[in-house]
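The structure follows.
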Amino acid sequence: MDFARPLPSYLIQRYHGWKATTYQGNKAWYRRLAESGQHPRAMVISCCDSRVHVTSIFGADEGEFFIHRNIANLVPPYNPDGEYHGTSAAVEYAVTALGVAHIVVLGHSNCGGVKGCHDMCNGRAPALEEKSSFVGRWMDILRPGVKRISDLPEAEQPRALEKQAVVISLENLMTFPFVRSAVEDDRLTLHGLWTDTGEGGLEQFDPAQGGFVAL
Amino acid sequence: MDFARPLPSYLIQRYHGWKATTYQGNKAWYRRLAESGQHPRAMVISCCDSRVHVTSIFGADEGEFFIHRNIANLVPPYNPDGEYHGTSAAVEYAVTALGVAHIVVLGHSNCGGVKGCHDMCNGRAPALEEKSSFVGRWMDILRPGVKRISDLPEAEQPRALEKQAVVISLENLMTFPFVRSAVEDDRLTLHGLWTDTGEGGLEQFDPAQGGFVAL
Amino acid sequence: MDFARPLPSYLIQRYHGWKATTYQGNKAWYRRLAESGQHPRAMVISCCDSRVHVTSIFGADEGEFFIHRNIANLVPPYNPDGEYHGTSAAVEYAVTALGVAHIVVLGHSNCGGVKGCHDMCNGRAPALEEKSSFVGRWMDILRPGVKRISDLPEAEQPRALEKQAVVISLENLMTFPFVRSAVEDDRLTLHGLWTDTGEGGLEQFDPAQGGFVAL
Amino acid sequence: MDFARPLPSYLIQRYHGWKATTYQGNKAWYRRLAESGQHPRAMVISCCDSRVHVTSIFGADEGEFFIHRNIANLVPPYNPDGEYHGTSAAVEYAVTALGVAHIVVLGHSNCGGVKGCHDMCNGRAPALEEKSSFVGRWMDILRPGVKRISDLPEAEQPRALEKQAVVISLENLMTFPFVRSAVEDDRLTLHGLWTDTGEGGLEQFDPAQGGFVAL
């Protein structure tokens, strides 16, 4: 463990600034959250990308969102095989332990993971095809989406595939028995969003139109 | 897909507020991030818990941190078996595609996942022992930590186990060849943190002392 | 060149201290910045004054700000006459080569350059009127500001003129075609600040109010 | 002036953090600096590059260094023609008004301005040759340095030219009568430095060896 290093000084400075300002102004709330537990209203599944800040877009404060972030905001299909499934564990905890009322899957523009999947499925990224590529294997979840967008003009495919990452994740969520039953009992609703990080746009999946519509 | 629902109105309202204020004030930056790509300095691995906002603690803005969030901020050991490994994919992308300079593992107080692991390993949570429990199987990653803290007084064990979740994740990170080589080449540093969300405290793992020290 | 001397020992000592501490803790980041280039989000134009540390006020670390510092944080009007224009070169590089999203002009209290300009324009500093006075000629940039504040009580004039140094620089920035087009395309925003170095105050120029407002 | 915009929110947050911590801890000193004026010991001339933080390398606090930053840390030759000369004004103010004891010219690795000059003088950057290029005209100051390094292997030239930017600036400083007389009276010493920002190295110009030597 001698490889662990002290935090870079700029982060220490920023932390002390936060402690002296934001924390001081919200102390009562943070303490109550610590003592009486979290009761988040929604789970958000978004990408790790540094340009996607769900707390910023929705002005969310501590205690509001249970947030899982992974590459390309993907949910794999239900598969209780006894192995490690971080995303499935997060969904299970949110729905069965916390009882969130909403799960929001938030996709975004210029997603590097989705682009990698698109390149891989079109033969332009052989390294991602390797068994040892964690990114490649993770993006396999999105393979069914590549077929669905293959008739679109090449230039439109990446963005369409980013939206498929949302749709497929919603579909996969419904393969979890505890999600399906909560949805059917009206205890949970699912929502699909896609944000254009450069333009600040937000679109939501509308099943009636079979596509995404600007908010 | 007819189960997907329109976004709750309170989120739509907040989004429009963000668009008219924060987005307007930062538009030039968000556009540049969209056009020229992200160059985050650090990856942060934190918990999904709604009380943990790494962007708040460190005053981080869009573009600064590549953030992966899962239950109990855990990293599993390296295992390139061709299956879905969301956490490993995120680490791989951060280190090999983005070249982040730091990985910060951020644990926290009152972690429900860690408490579940503690209960499970002490026979108080049989449901988590089921093969079908995603949370239970995910928390198996932390089992080695339970042994390490078993000599402590019962009341101190949960908090000590939260810190073990950070230490074990750091240890597991070093089992990834691309992490180890980046660390050995001084291209990457690893950092372990634990925050007391109620008190606004922040401690960092100090290998010299073999424990966590307040910042 | 026999006039060049070894660095004073106190600076050598401080450098070795920095190398053993701050550099060690941030080595991975500094190397990445060296290898993959700088991507600063903002350009800051501030005064050379030793009491103005923009990196301190904003907790900025290596890689964040492209910083030009001159006497009284002035930007001259656009004048591509083929002569040396250090400030214009810095602005050109920031906007056209680096594509910064923001230019922040930061004025400050007790500015010696501004005071010199005020004295000169009120006949109290004949030496600054000499053609050979570099400070006097540089402060000519601020002359239009002196007229704007001449109706204020004498005691308020120096501080008001410090703020005019910010306003006039913003106005002059807009005379550069590449600045204007970037602003009009929403790729760049301009910001005017004035800091009271003794009191730690910070005010920003608010066009709606035609003046500076405390943050 | 309706183009001026409010400061991005992340900077406002950081400022409030600084005010509540660093400022509070240093208030007495900052107030004294405001009331009794600055008495900086040294002037530093460094590059605008975001990777060069002279205050970081030398652990400098408010009040210590009078800092001028421009593209490629250049000083033009003495030329009192009545035009705007920002760098010359800064040198004049430091030496004649503040009476600094040292002027340190700090060059650095991977300097974009120096690279542009090298490209321009080797016919690879015609745009920089345009009369309207502020960067090109500013880098003309370094042209004499290009000849001096032309016998070196191509790969070594950029770094050698970065060091020439320091040497030529020192030479040009001595063309200012008030600099020369202060140096000859032992009231001022000049120092040339070059820092490798990625490796944290620092070299100083040693006239006895006619080159730069690691500290």
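Letters A, B, C and D name the chains as they come in the text, with residue numbers starting at 1 for each one.
Note that a residue touches a chain if its C-beta (ideal position, glycine included) is under 8 Å from a C-beta of that chain, and two chains touch if they have at least 3 such contacts.
Predicted, not measured: the structure shown is a model, and the values here were computed from it.
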Listed chain pair A-D, A-B or A-C that repeats interface B-D [over half of contact pairs the same by residue number]: A-C
B-C or C-D - the one linked by more C-beta pairs in contact: C-D
Chain centre separation (chain A, chain D; CA means) in Å: 45
Between chain B and chain C, centroid-to-centroid distance (C-alpha), Å: 39
Centre-to-centre distance between chain D and chain C (centres being mean Cα positions), rounded to whole Å: 14
Contacts with two or more other chains, residues of chain B listed in rising order: 22, 25-27, 29, 31, 59, 61, 63, 102, 189
Chain contact graph, described as a line, ring, star, complete graph or other shape: complete
Chain D to chain C touching residues, read off their complex: 1-8, 11-12, 14-19, 22-23, 27, 30-31, 33-35, 37-38, 40, 42-43, 48-53, 55-71, 74, 76, 80-94, 97, 102, 104, 109-110, 112-113, 131-135, 137-141, 167, 170-171, 174, 183, 189-193, 196-200, 202, 204-207, 210, 215
Contact footprint of chain D on chain A as seen in their complex: 13-14, 16-18, 20-22, 24
Residue ranges of chain C in contact with chain A within the complex: 22, 25-26, 29, 59-61
Chain B to chain C touching residues, read off their complex: 25-29, 31-32, 36, 39, 41, 59, 63, 99, 101-102, 182, 186-189
Of all residues in chain D, those that touch chain B in their complex: 5-10, 13-14, 17
